[in-house]
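Scrolling down, you'll hit the structures one after another.
Two complexes come next, and they have one chain in common, chain A, joined by chain B in the first and chain C in the second.
Our next item is the complex of A and B:
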């Protein structure tokens, strides 16, 4: 991701050396050259191995277990659809999905607004590349701290006797501490926004940095207002970044466990916390079914977003 | 107001911090003029163009278009349109939408703006490419689209920022002719920034030579070529020999110089350092005894009657009437 510097031209450093090395006609001096098909396998191998061992195998395992039978003491191989049936007919499931989707939508809207504006500022308003790098670091450095710590850090700030309430009271904005700040949906959203805005800034800044600033002048020259330049030129040209950022934020919120548990004070549940309750009760088959449904649900969401914007086509540019 | 001029610059100045990019220049461009701003890089020509376009604020001075002070107006209210050096076509829009863009911004209905955009695509012979994306076109074709996009608003002044620099030499000559033809047909003022004196001489009605943020000479190309005011101009437009004379520096056109025998007339002695065959002419470069580099452009027939070789001693001669005194700047 080239978010640090605006490239001088569109000079895509993409698919570089590796492929050209394969295409180069074999030199006669080096008779020990590997055949091209083997080179390709070596190139694909590491990623394929990681994906197989850490993704495909466990997912297949979940899929198999999700059809198993279980009781209080163990799980038994079977092919039952009961786990799915129970999951999908329980109102609690739907409530949790609706609640997670609501969080995801609100957080998506806020991080998109913030992320786009921050990225736009960094790319188009800061001309000095050193200053830009410093600002990017300021955005990124908090990310070096664990998300759990950054979540917990909000508690003393937003609490009933927390720093924020004390500031408000000292300023005379309110006479008694505000209770909705912590252990509420508000607290959950604030924490999500704090955690995930950078996930928007990065991809959007990357897209924006590929826009020739002359395009903005050309739009102005043609009589476009700032708003029209945004809607007609900048946003259409940054939709890859917007989509990538949206996918990151959506999947993070849908897969969250810790933030909702810590910050909602037990008032909201997340899909994963539902799942973890089942795991703690050693109900592995329903937990697997739950996990499969979540994976499929998120996959469909991502698929829809990819359908709207062909990210792959844009990325290879 | 006086409307004989399309564009007037009144001591226009541009400062970037402590750097003076354009220093109080004044210029009047008569109606329907093909004006070339010419100069080496960093001379302020592009900044001047961008100030006329309204993409750069003037630090001081005024810009008038059709007698109206436009210094503080946005580009669209100035009646100017700019063609960018990189063409700046919107990569996500078809050629038709690119050309129709400013109509869309003015709220013209889709059907009408598309039909008008098609007219302008036809004007630049690109009607068959309406549905293509810019990336699917060659550089020359992209430029035509950019031209159509700039012209669709019927600007009073068209501003071109180094429009030919990205084209190969063959295409450059073709496009050059076409720009001139368009300017004649539309009879509006074109202001064309370039660093190539060939381009400026071929195109311009008014040639404005700039250096270090100043206008050094502004006149029709023929006058600039025949009577360059300073050694800088004479050297910059090329094909001139700048020589020392008792009363300051003089310029002599290289094509008026011959290799020959020193008579009573003006001459300078030196050594041939290079011979370049250029087709109709042969360029003989010499180093004078005083250390100046000079050259003679000799018709090929004349040269081959008495050829010279690098290393030969030779005398450069010309006639008194071709001597042109230069102002010392």
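Our next item is the complex of A and C:
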């Protein structure tokens, strides 16, 4: 919770000066100890080990398996490109990628708009830190309920006899229940936005909370309009958070396989649900090829976003 | 409340405030539907209308049924989430401190963490499951499933630690050293107490992510399900308001946990304020 607190006013510049003054005698005393890079290696060692063994190795494994041959009883070591050729020449593959990308773009736009404005409101307009913490918690609490339950919660809400239709009819907006609300692309998008907006709010709020309010005052004093302050000061300074949130939302939508299956009423498929069908049928080589294509696709997307904003430079100082 | 203190709010305050209100309505609208429907009468279904009211579905949650055994899978989920949360805190706090210096390989490790975070979840489970199959090992809760979840919570913990460590003034550590503190004393009495609120945040976040994790776990869990997997099994077999009762209970427990944590943090702050004064 204290993560959201504004940085103390005696921030980085003073610290830099003090450190460089103090460091000389300290390092002399430590000269018999381990070199600093080795200390760092000990500190990051467990992380590096786990990510290598449990992430890098398995990924390499399915890269290898994607070239294997298979039949109904097993898989055989080989170097075939057939799995890829088959995947990329099937029109269904392209359709699913286009549909997933479309969902990702729409959901990204909505969550970015919502997430940025909510974060801005909480950081700059709510001045009382206890109120702010409570508001943040209100945003976070639904996250503690299983995503599966939160997804199917929309069914009684959006259904023909659902709460939303009842409200609309009571208000006289419509005389008969609306059918397009549930088991449609609309339902899928609503569910995604419901599930993922917090992923946008978190990183953006973190970025915004580092902006010194004096900067906004300075911009106003220099004659900038509200809009100019926003586009020239606030948005550039929060781009790390915007990028991180965008990466999270994009990859979550591209990697989803529950929401589309449950909410589209069978009208749309997702890449991963296609893949899980292959896994269940034990067709590991084509599933691996499918997985590799998705990994490369996501890697390119994330690579482009991180090229636009150097997240690493901002995060690791 | 705060509006009264300051004299004049800009119009944007009201626009954004309304947007925030609408967002909360959107967030809680379907949740309220779950809360109401979880009190559905014994003959009612998963949609409106309500057929009487009862707490039958809550009782169902606590009884091992034919379809799913909620209590046992719940305790498994809690056990796994606790282990994941502890490991994540220790490993990501250490790594967050390590990343304060540039070290050879830091860029590689950073991008490895990013990749692990953005990798479609099911694929991580798929890779680990495949690896276990090749080695002839049996996937289980505290081996493959634990590992699969760590590939998700560790990068999250690392990124959260970046945000925390960025605000940490290194002069404090230098001062401790100059005053004669050993490396251990410096960590125990200076670094960790200052980072503590952030560390609690990482622990809670990792716990939540693990407790709710489905896609990474499903192919690595072996024969014994965690709660989300059990819920999923319930959905695909028969939908009953039991699911909604689980949702209502989860929210209730969440509120309780958050209130307890808030009180803890407030106490910590008060203690710190006292030290400052004293």
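Miscellaneous remarks
In this section, the second predicted complex is superposed on the first by the 281 of 317 C-alpha atoms of A that agree within 3 Å, B and C clash if a C-alpha of one lies under 4 Å from a C-alpha of the other, contacts with A are read in each partner's own complex, and residues count from 1 in each chain.
Basically, contacts are C-beta pairs under 8 Å (C-beta built on N, C-alpha and C of every residue); 3 or more make two chains touch, one makes a residue touch a chain.
Since the model is a prediction, treat every value here as computed from it, not as a measurement.
Applying the stated clash criterion after superposition on chain A shows that chain B and chain C can sit side by side.
Using the contact criterion defined above for the overlaid structures, shared-chain residue A:48 touches chain C, although it does not reach chain B.
Using the contact criterion defined above for the overlaid structures, shared-chain residue A:178 touches neither chain B nor chain C, since it reaches no partner. When the two structures are aligned on the shared chain, A:236 is found in touch with chain B, with no touch to chain C. Of the two partner chains placed by superposition, A:80 touches none, neither chain B nor chain C. Looking at the shared chain after the overlay, A:36 reaches chain C, while chain B stays out of its contact range.
In the superposition on chain A, contact of A:219 is made with chain B only, not with chain C. Measured by the number of chain A residues touched, the leading partner among chain B and chain C is C. After overlaying the two complexes on the shared chain, residue contacts for A:153 are found with chain C alone; chain B is out of touch. In the superposition on chain A, contact of A:169 is made with neither chain B nor chain C.
Superposition on the common chain places the nearest Cα atoms of chain B and chain C 5 Å from each other. Comparing the two interfaces of chain A, the one with chain B and the one with chain C have no residue in common.
In the complex of the two chains, the chain C residues touching chain A come out as 1-2, 5-6, 9-10, 12-13, 16-17, 19-20, 23-24, 26-31, 33-34, 37, 46-49, 90-92, 94-95, 97-107, 109-124, 126-128, 130-131, 134, 147-148, 150-151, 154-155, 158-160, 162-164, 166-167, 169-171, 174-175, 177-178, 197-198, 201, 208, 211-212, 214-215, 219, 227-228, 231-232, 235, 239, 243-244, 246-247, 250-251, 253-255, 258, 262, 265.
Taken in their complex, chain B has these residues touching chain A: 53-55, 74-76, 80-82, 84-86, 88-92, 101-102, 104-106, 149-150, 153. Put simply, chain A touches chain C in their complex at residues 1-3, 7-8, 10, 15, 18-19, 22-23, 25-26, 29, 36-37, 39-44, 46-48, 50-59, 61-62, 65, 114, 117-118, 120-122, 125-128, 131, 133, 135, 137-139, 141-150, 152-157, 159, 161-164, 166, 193-194, 197, 206, 226, 244, 247-248, 251, 254-255, 257-258, 262, 271-272, 275-276, 279, 284, 287-288, 291, 294-295, 298-299, 302, 306, 311-312, 315-317. Taken in their complex, chain A has these residues touching chain B: 212, 214-215, 217-225, 228, 232-233, 236-237.
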